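Here it is, the structure, as structure tokens.
A, B, C and D are the chain letters, set down in written order, and residue numbers restart from 1 in every chain.
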Amino acid sequence: MSKIFKFHNDVDTDQIIASQYLLLPSVEDMKGYTFESLDGEFARNVKAGDIIVAGENFGCGSSREQAPSVLKALGVKAVVAKSFARIFYRNAINIGLPVLVSRDFYDVAKAGDEAKLDLSEGTIEADGVTYTCTKLPPYMQNILNQGGLIASLNKGEV
Amino acid sequence: MEQFKGKVWLLGDDIDTDIIIPTEYLALPSVEDMKKYAFSPLREELAGQIEKGDIIVAGKNFGCGSSREQAPEIIKQLGVRCVIAKSFARIFFRNAINNGLLLIENKELSDDVAEGDVITVTIGEKIHAGGKDYPITPLPENLMDILNAGGLVKAMQARNGV
Amino acid sequence: MGMTIGEKIIARAAGVSSVKPGEIHTIDVDYLMSNDGTTHLTIDMFYNQLKNPRIADKDKLVFIIDHNIPAENPKTAAAHKKMREFAKKYDIAFYEGKGVCHQIMLEDFVEPGQFIMGADSHTCSYGAVGAFGTGIGCTDFLYAMVTGKSWVLVPETIRFNLTGKLREGVYPRDLILTIIGDIGANGCNYKIMEFAGEGAHGLSVNDRFVLCNLAVEAGAKTGIVEPDEKVVEFMKEHGRSYEHLYASDADASFLQVYDYDLSKIEPVVAEPHFVDNVKPLSEVGEVKIDEAFLGSCNNGRIDELRVAAAILKGRKVHPDVRFLITPASNSVYLQALEEGLVDIFLEAGAMMMNPNCSVCWGSCQGVIGEGEVLISTGTRNFKGRAGHKDSKVYLASAATVAASAVAGKIVGVERL
Amino acid sequence: MGHTLIEKIVMKNTGDVSVSPGEIKTVKVDRVMIHDIFIPFVVDKFREMGFQKVWDQDKVVLIYDHLVPTSAVEDVRHFKIGDAFVKEQGLTHFHRADGICHQLMPEMGYAKPGNIVFGTDSHTTTYGCVGCFSSGIGYTEMAAVLGTGEMWIRVPETIKVVINGKLPEGVYAKDIILRLIGDLRADGATYKVLEFSGSTVDEMSVSSRMTISNMAIEAGAKAALFAPDEKTCAYSGVKMEDVDWLYADEDAEYCQVMEYKAEELVPVLACPSQVDNIHDVAELAGTKLDQVFIGSCTNGRLEDLAVAAKILKGKKVAPFVKLIVTPASRSIYQEAVKAGYIGILAEAGAIVTHPGCGLCCGRACGILTDGERVLATNNRNFLGRMGTSKVEIFLGSPATAAASAVAGVIAME
């Protein structure tokens, strides 16, 4: 089971990880500042396997890959949103952070509740109701299945 | 005369104010926030090791450099009872007295003691270390007045009737 | 079936005769640009995560230090050092402190018809000269750096037909903010914003850059203005090729078509904390400011500096206001010196900053404190973007920013 | 018995017919300078001491320079406190972003010949360039001065430094003061005043004298004084007859006299990590550099930018080396723009920043990291001053800096 952390529409990359932390040496150094301006306790409270649920346009703004990377580093299992901003979406898949689109789940999801996420089926279940998320195009699903873009690149190397 | 004992932390010549507290940390909200960075360019662990009542013994020109008063304040906040050096830089000396931090000038002690030694100071009279006495030259009267008032703030408060 | 400009550029980059929205293609990238916001991470991955670290074509790479320059702490300096040493080792084109990456790309690299990826979201700017620029993360960057290739999902195109001319005192910045306000911050998510029509052709390359640069603030993958004689002129001036000038075919398909009459646009302000939170300047109430910023890849070129100088000449910056003026590049700065603009700014009491991303990026020069208000020509006004999380950023044109810096509150030039 | 410059300034101030070293005197302060780093502390102590109003609004100067531009959100707190104090006390001498305090004090006429001025910064010794007794104090002391207008001082001994002759090509005021600090050592002038005279000094511009007085603190000096001459009067906007009392008597008593022949001086550098660790540039030539900095209250003036421009004209800064130029004040920046120096520097690839303390105060504008080496024209090369403790800082003249920027290694003009 995954605990739900819920955010609103248009969560931008500055909220996910603010620019003053981006030049820290590594993602490990940055992750403690995740969502600092929206929820100062988030980085401390989130546990491996938890999920983020958000509204429209999650991850809009800059191309900073640090945004999905800090979420992954904190152990976030997946982000389920009504829609994602383009670059965030692509970055998330590239680093192997599952991002799922569900138009309906946001309205029923309650912060702090538990949900059951099935990544292979692309479904999420809460309060006994199962919601099916939009499927990734096979090309992207393939990248995700291999564990991200770098893993897929290394696979072809000898 | 008041007497106290303390453990020695031994530092070299020309310990400048950027070593005592680097500029990077000067805009932190309080001296309390800054003190953990004391001496960090030279000995990163030192601030954490100093205990209340310890004594810093150093070479010549201690506190040279900038006028940042955080330097003596931080040393005081770390619990240092007094600083004994071959000589002190001018602004640091003044700032230390204004903050009620005791400074003792002595040309020989730093060459004779080792870090971790325990020494005894009799204020205005002598330092006793390793079986030997080192005399202390008394401060000018106007400085003793400030020190005795507990620093310049207290002296001014008395003047302003606060 | 005809193609749009963006589709034609993708087809060329993919080496195929035609592409359709929804298809995924492997493409050759013409340039890969990365700045100090993420390059240190890319380099770490290059050394630590690749089985076979290598560079496909070093001539396609451009590294630019522009975000935190000069460095404000040792960690930043270490990130820069890593980048500098890598560039040296692999003989990569390297710029440090010469200006904002997108401006440098425009001045020295981009050609019409190219497909360019940059590890910065505002890479979408290059459509100003009819190229396809798009922002990517560092993993994508690394993949392309190693293989010379990337994949692209062909986006749909939304067309903006522009007619008429902007009125005096109204700027392309007002136009693009108005459009984003109308269509919303994800109004063009995953899409191409294509600008065409006589209104678009009336705009200078500089003005087109302003439009394309903010395309990402509507979620777009890129923004492209139909290239024309002005682009040819620009390329001739810079001694670069203009072989691939694409226009959309008559039977190209657009997801949507918007019409904008430029003469109807009025000065606007994007209020905190979102770029699509746009209001006419005339409806913004009394807002006192602490800091003003003129600069960024969106609005730090000579055109904007001229607009501000005309307003500041003979006037003084309000005593309570810090006014930072940051040219977008060293060549813009040199031009401003030559035209006497730098002197006007200094005389007025503004701060004349070195070319960089400055407070638009909000982690280095000119960051604002708790409760402070900034009016800016930067790209974004997200919460905390310019410093403290409880500060506010308003976006407006160079004219409005300069006027506000003088007044100490948000006003238009006419109210000075 | 005759008197030194410092003794005469103290006598003029207190009305004593004679003073001698070692005496404790209370002086009336002519001006004070507080900068942004310490304003919150000064205000705190001022209130804690029970003061309401500063003793004389006209005598207080508040200058923001260390935190300009801001580089961290907390910096703004200092401005807020300063702004409020300016309004509350009705202060009019206030500079938000006009340059470094020590440049502005003499430049704006806040510190004049014969004055006694204190500032919350060690390089307050700078104003001795115009014959002003100026010295740095802490913020507690400053709070007391703000309330009382008075300050006790111990009349210091004076070291007389005589420099005669014509400086060789490529040798500048910076080389003189570095050599002197090397000879005196970092504490050689502690509690003392350095008094400069001789034909070399007479020939010098006020700006060059400023370079020397600025760094006197690096030998521990309380002040550094030059007797005013026509150049001083022109610079400070005073009449010669108003300052003709300010000269050192023939029979004044000095604790030490140092003499230099200008012809024998060479370009030098202060090497890591002490200002008195002086070596000839020739000895160090070829040492690889990562960065060069021209600026600060020591060497960010028009003549410094002019020398740099002369050397950099038509040349480029070496690849992978950064040259950062920070003019010392707004008016210097403007003059340098008009004279074409800035254009030349920017053309050569320099990064020209807005006037302020910049890199010298270690808060922004070019901080370095482990293993990097910088040659800078400022006044301190202490461990960790410009980044980590593994940064090597060399201090030299603007000419050496500019020539080294082109070469990418330590080089002579």
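Quick notes on this one:
We take it that a residue touches a chain if its C-beta (ideal position, glycine included) is under 8 Å from a C-beta of that chain, and two chains touch if they have at least 3 such contacts.
The model shown is predicted, which means the values in this text are computed figures rather than measured ones.
Here the CA centre of subunit C is 41 Å from the CA centre of subunit D. Rounded to whole angstrom, the centroid-to-centroid distance between subunit B and subunit C, based on C-alpha atoms, equals 54 Å. Spacing of subunit B relative to subunit D, judged by their CA centroids, is 27 angstrom. Taken residue by residue, subunit D touches two or more other chains at 72, 74-75, 77, 363, 388, whereas all remaining positions touch fewer.
Each of residues 24 in subunit B touches at least two other chains. Because contacts link the chains only in sequence, without closing, their graph is best described as a line. By the contact rule set out at the top, the touching chain pairs are A-C, B-D, C-D. Against subunit D, the residues of subunit C that register as touching in their complex are 69-78, 80-81, 84, 87-88, 94, 96-98, 290, 319-320, 322, 324, 330, 333-334, 337-338, 342-343, 346-347, 349, 351-355, 364-370, 372, 387-388, 391. Residues of subunit A that touch subunit C in their complex: 10, 12-15, 18-27, 36-37, 56-57, 60-66, 68-69, 83, 85-87, 90-91, 94-95, 137, 139, 148-150, 153-154, 157-158. Chain contact summary for the complex, subunit D toward subunit C: residues 68-77, 79-80, 83, 96-97, 290, 320, 322, 324, 330, 333-334, 337-338, 342-343, 346-347, 349, 351-354, 359, 363-372, 387-388, 391.
Within the complex formed with subunit A, the subunit C residues making contact are 24, 36-38, 40-41, 44-45, 49-52, 67-68, 75-76, 78-79, 118-121, 123, 135-140, 142-143, 146-147, 151, 153, 185-186, 189-190, 216, 219-221, 274, 361-363, 367, 380, 382-385, 389.
Only residues 14, 16-19, 22-24, 26-29, 40-42, 60-61, 64-70, 72, 87-91, 94-95, 98-99, 140, 142, 151-153, 156-157, 159-162 of subunit B touch subunit D when the two sit together in their complex.
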